[in-house]
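In what comes next, chain A is part of two complexes: it sits with chain B in the first one and with chain C in the second one.
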Partner chain A sequence: MDPSWLPPTVIAIPLIGACLVLALAQHTPRLVVDVAALVTALFTVAGGAVLLVVVGAGRVVTRVGGWTPQIGIVLVADPIGTALALLAAILTACALLYTWRYFDSAEAHVHVLLLLFLAGMVGFALTADLFDLFVFFELMGAAAYALTGHKIEEPQAVHGGFAFGVVNSLGAYFSLTGIALLYARTGRLGLAPLGAALTGRGADVLVLAAMVLVLTGLLVKAAIVPFHFWLADAHAVAPSPVCALFSGVMAPLGLYGVVRVYVTVFGAAVPAVVAHRTLVGLGVVTAGLGAVMCLAQRHLKRMLAYSTIAHLGLFLVGMATLSGQGMAGSMVYLLGHAGVKGALFLLVGLLLARHGNVDEVGLHGRGRADGVARWLFVLAALALAGLPPFGTGLGKAISEEAAERWWLVGIFVLVSAATGGAALRAGLRVHFGLGKPPTDADPDTTSGEDEAQEGRFPARIPMTMVVPVVVLLVGAVAIGVVPAVADRLAEGGRLFVDQAGYLEAVTHGAAATQTPAPARWWTLSGVALGVLSTALAVTLALLAVHGRFGWLGRLLDTPLRTLHRAHSGHVGDYVAWLLGGVAVLSGLLILPALP
Partner chain B sequence: MNMFPYLVGGWLLLVGCLGVVRSRDLVHTVVCVSVAQSGTYVLLVAVGYQSGAAAPVQGEGTPVPGPVVDPVVQALTLTDIVVSATVTALLLGLVIQIAKLHGTVDPDRLNDLRG
Partner chain C sequence: MSRRLRLVVFGLGVSGIGVVFVLAALLIPRFGGGDHPYRDLAVPAAVARSAPNVVSALNFDQRALDTLGEETILLASVVGAAALLRPTTSEHERSIVAEDRILSATTLLGYLLLPVTLLVGLDVVAHGHLTPGGGFQGGVVLATGLHLLYVAGSYSTLVRLRPLTWYGIAEALGAGAFAVLGVSGLVAAGGFLVNMLPYGRFGDLFSAGTVPLLNLAVGCEVASGVIVLLAQFLAQALTVRATR
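Showing the complex of A and B:
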């Protein structure tokens, strides 16, 4: 059987479902809308799972409309792209289940937007055409801006949605400019034909400028410093289940795009060492800044958002090795992180539903009666730090091994410990009432006191809100304990960095060569480093809860205030940083190639 | 090759971004985003332009004699315009809500998302 009908089908299911839900919403009760949306998401999950099995350790190539790859649009499903599409579908299903009891109003906007968002993400992960990538990028973006500003009567939500929309749109236009330049030079738009046209030609300044521009839009989506400002604002104001999608899969898809475009289009034209150096540098800065800002938050959703930024930096460091192993490690890490971070966002959403507040100080001790949720929060915080056998721990271990250099390993340990420690600190304060509530507050930070109520103060925690949390955490464990996941991703990583194989598959439909990638599994040092970062996280959380930083705290006060002030919430500032980022990226990528 | 349209495209993109940076009114911000996007239209159409070539419309039985301009970039521009309409409408809708809820559309006076 020819499986080439599968990839377009997986993209079409959520699109058709969204139209159906929109049509149904006019005439049917809320329950029908909920069920229809959830069924659509589950069908997409099933489609993604079938595709993953069919793809195996190869690629499924679809020539849309039967056009040849030189002219037409091609879809390519490989293990990594398909895994991301499946992840998007699973997280959307969890978000839809969670929203069942979450939103008061009976409107179907959220359902339709979530399904359109899913279609955009699946398309982004499966396309092999640069302009098509841009279109799905924008579809994903437009749905995401609307979801961010969903609480339309809340001042912060519309502000955050606006900044997100402006920054991401401008990033997308930079990408489009780069795409136009590439088309002008080569007359191609497909990733593989572009790569073929640039191979052997060498990279002149126009091609390098186009690369900087294309990568800019993707790096904005991936929230890499200095393009990261929108992410914390968007996460602070978006509904919690939407945040789980943003953190778990949307921003990581930006990273996927960066590496996919670099490898397939520019892999032969731009020396790997230049790209490697640049991406590692960006990743390290992002990880460091994210970790520091994460520790310095009291707004729980902002704290988790900065933790996401830190992790995106770590994923980028892993992917920047441009090796099969680094890609596989980052993917395992990314999948584990999606489960853990998704669970944490849903647990914060539970706090918001029960207590109408997401402020770490304001909620001090008020979450004591939250039953199972408080233990899940602590467990998820430890998993965020990389506790074995969670997928986060395994991904971190594989990435550390791939990164090789000791100082990069140190960054992995410290950053994951810092973000896990921040989450654990919040959990211990809110759910266990440990320590005294801190009194000082920087005027340049956002407290979580004004966050609009989501949900309807359930007296008991509804099952539809707990089940997705448990599903996500079990999923995160499964990624760490089922060897097939890591094996499949190791194969996928090898295919992902193989530019020649990709080109061959697109133009001739040749099957991937079957040289099995070396299996990656838990090693003694991996477990030890995972335990070490978890122990560091616990120490950090206990120290923070009891406020014992003394002179160190006073020393860090001024730099922290400066950092807080830089994250001003001002859309003009964010765009100025974006332009500065383009300049830095140009310097890093174009200057080394000049004679 | 005439460089002029390329320079105009690049200029529009940059001046749009600069306008967003210096904007004192969110409606102006949204228009500046549109200006930046216009740069991409100019660039795309310029890429496909050929001096003296006809429009790429092929009717049945009456093939256009001689060269035609590249239809691909024109299709890309149309797609781009659709995206622009969606995003502009959405952003303007958000500006209306910001004006209602904050009582101002000056970005310097919106300060509820910091740190």
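Showing the complex of A and C:
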């Protein structure tokens, strides 16, 4: 049977479900809304899973409305895009289960917005049309801005949503301008027709400028330095289950978009070495800055947000190899990270619900009685550092192998150790009361004490909030121990970087060539590097808890202060950095690629 | 960042982007040239399906998925705005609003134009595939028309004749109908958003297949959505006050 009906159906399920929930919400009790939304998300999970099986190691091409790729819109489901769509559905289902008892107000807004957000992410992951990609990008944005600012009682929440909206919209306008330039040149909007039109002509300033502009919006969504400022502000104020979605899949989808667009549209026109060098550079800077800022936070959600930025940098380094293995490694890493980081955000949400606070200093020792949650927190922190057999460890190992150069491997180890160490430090302080309560009051760091409480469950933790955490952690382990996942993603990585195959599949619907990609699995060095990262993270956390940094701490004081000041929360600053970033990106990508 | 430094970074960024953009724009094909690869494909395709308004055929047939996404963006924006504008725990809604006197000429003109505007709105929605207009444009006309009640009458008249929950439902059903029509194409003609109805005679009201139906769905969603959206803003301006 022709499977081309599946991709649009997976997009339509959350869309129709959202409309139903919105219509129901006007007259029915909260329970009906909760159930309808969760069932919709589970149907989307089922649809995504079926699609993943059907896609196998190939591509499913859908001509929407029956039009040819030159006239209409084409959807292409390949293993990587489908895996991301499925990830979005799973995280949304977890978020909906978690919000079951989380919000006091009986508003259905959150449910509708989460489902529309899901529709946007699924569409983004499956479309093979540049303008359609932009439409779904904007749909993700519209829902995400409102979700970020949802706690309207807090001025910071509205401000965080505002900064997110302004920076992302500005990035989107750049993308739209780039799309317009490409359309002016070629009269095409599909990724494959665009790629075909640009092949063989070489790249002039118009094509290169269009590439910079289109990639800008996607890099903003992916929170790559210097476009990353919105992410920490948005994560600090958004409801915790929404943060799990932002960190786990929304920002990574930005990276997916960067590589997808580069490979399919510009792969033949712009020399790979130019793109590779620039993207690796951006990834390394992002990973480093994210790791440093992560260690310097006491606001738990900000700390996790900077850890996400650090990991996005690492994923970009892996993807920037533009090789099947690098892509596969980043994808395994990304999926494992989504489970681990999602669990950590939900656990911080529990702290916020029980103690009304997300400040590492203020919560010192207050989380001792949190039962199973405190062990899960420590486990998730170790997994964040890359502890085998978690998917994060496997993904890191495959990426390190693909990155080849020793200093890149060093960055993978150090950055993952730093982010894991920061999370572990917080867990040991809050849940185990280790070390003396820190007294330093740096005026430039944001404390987490004035965060609005989400939900009120003083007595015991409801199962609806623990189950998603366990599901996410089990998922993160499964990615590292079920060989089929890494195998499938290895195939997916090979297909992802194959521009000619993509063009062929879209225009002629030809099946993918069946030369299996080499399987990627745990190697001795991979396990050793994972253990090394974890050990470094534990050392770092213990040193930090007991305050043993001495002269090193004093030496780093001034640069850290400067970094904190640069992350000012001022939207004008963020816009200035964004524009400066586009100019620098233009220099890096256009000058070396000109003939 | 200090104001000065911000301006410097901003200035350097904008100049860099400006140079690149101008250089790129100089390479765009000349205006009025004969080379239009997409026009040459899209216009015959629209005419073949009896849709004289080629823009509408593009939006609701050839690239209907984009439009599905766009109307969903509108839905998300309306729901999001409603979520952000809801009264906080420290606010309440007053029931009585002090109204200013309105000139009788304004009232007369408003009530005369109300049915005319609504008719024009319906016309713009219904003829979207034939003449300029369509669901988006007509929907906005309809929603604006309804607010003549507020301009010409009073806020309480508007509130009485505007059952918000029903508009909320209509908004959801309109938005959902687009996706459901897409799925119907899948069931009836084997492809999502396939134009499965007879194309009819060029220029007839009932022609161009599903295009008018999709316009109707969008019109319903846009009109209701804009009414719900304006209701939030009007409430914030007129009735929501901080609790003392």
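For the reader, a short list of remarks on this structure follows.
We adopt the following convention: the second predicted complex is superposed on the first by the 592 of 595 C-alpha atoms of A that agree within 3 Å, B and C clash if a C-alpha of one lies under 4 Å from a C-alpha of the other, contacts with A are read in each partner's own complex, and residues count from 1 in each chain.
Throughout what follows, a contact is a pair of C-beta atoms (placed from the backbone, for glycine too) under 8 Å apart; a residue touches a chain by one contact, two chains touch by 3 or more.
Everything numeric in this text was worked out from a predicted model, so none of it was measured.
Using the contact criterion defined above for the overlaid structures, shared-chain residue A:V358 touches neither chain B nor chain C, since it reaches no partner. In the superposition on chain A, contact of A:A583 is made with chain C only, not with chain B. When both complexes are overlaid on chain A, the residue A:V212 reaches chain C alone and has no touch with chain B. Of the two partner chains, chain C is the only one that A:H150 touches; chain B does not reach it. When the shared chain is aligned, chain C comes close enough to touch A:G65, but chain B does not. By the document's definition of touching, neither partner reaches A:V430: not chain B, not chain C.
Within the superposed three-chain model, A:L22 lies in touch with chain C and out of touch with chain B [touch as defined at top].
When the shared chain is aligned, chain B comes close enough to touch A:R302, but chain C does not. When the two complexes are overlaid on their common chain A, residue A:L113 makes contact with chain C while staying clear of chain B.
Contacts of chain A with chain B, set against its contacts with chain C after fitting on chain A, overlap at residues 131, 135, 138, 142, 145-146, 149, 152-153, 158, 161, 177, 181, 183-184, 189, 565, 568, 570, 572-573, 575-576, 578-579. Contact residues on chain A toward chain C in their complex (touch as defined above): 4-5, 8-9, 12, 15-16, 18-20, 22-23, 25-27, 62-67, 70-73, 107, 109-110, 112-113, 116-117, 119-120, 123, 127, 129, 131-132, 135-136, 138-139, 142-143, 145-147, 149-150, 152-153, 158, 161, 177, 181, 183-189, 204-206, 208-210, 212, 565-566, 568, 570, 572-573, 575-584, 586-587, 590. Across the interface of their complex, chain B is touched by residues 131, 135, 138, 141-142, 145-146, 149, 152-156, 158-163, 165-166, 169-170, 172-174, 176-177, 180-181, 183-184, 189, 233, 236-237, 293, 296-297, 299, 302, 442, 444-446, 450, 564-565, 567-573, 575-576, 578-579 of chain A. Those residues of chain B that touch chain A in the complex are listed here as 9-10, 13, 16-17, 20-23, 26, 29-30, 33, 36-37, 39-40, 43-44, 47, 72-73, 76, 79-80, 83, 86-87, 90-91, 94-95, 97-98, 101-102, 107-108, 110-115.
Residues 1, 6-7, 9-10, 12-17, 20-21, 23-25, 27-29, 35-39, 41-42, 45, 61-66, 68-70, 72-73, 75-77, 79-84, 86, 88-90, 165-166, 168-169, 171-173, 175-176, 179-180, 182-183, 185-186, 189-195 of chain C are the ones that touch chain A when the two sit in their complex.
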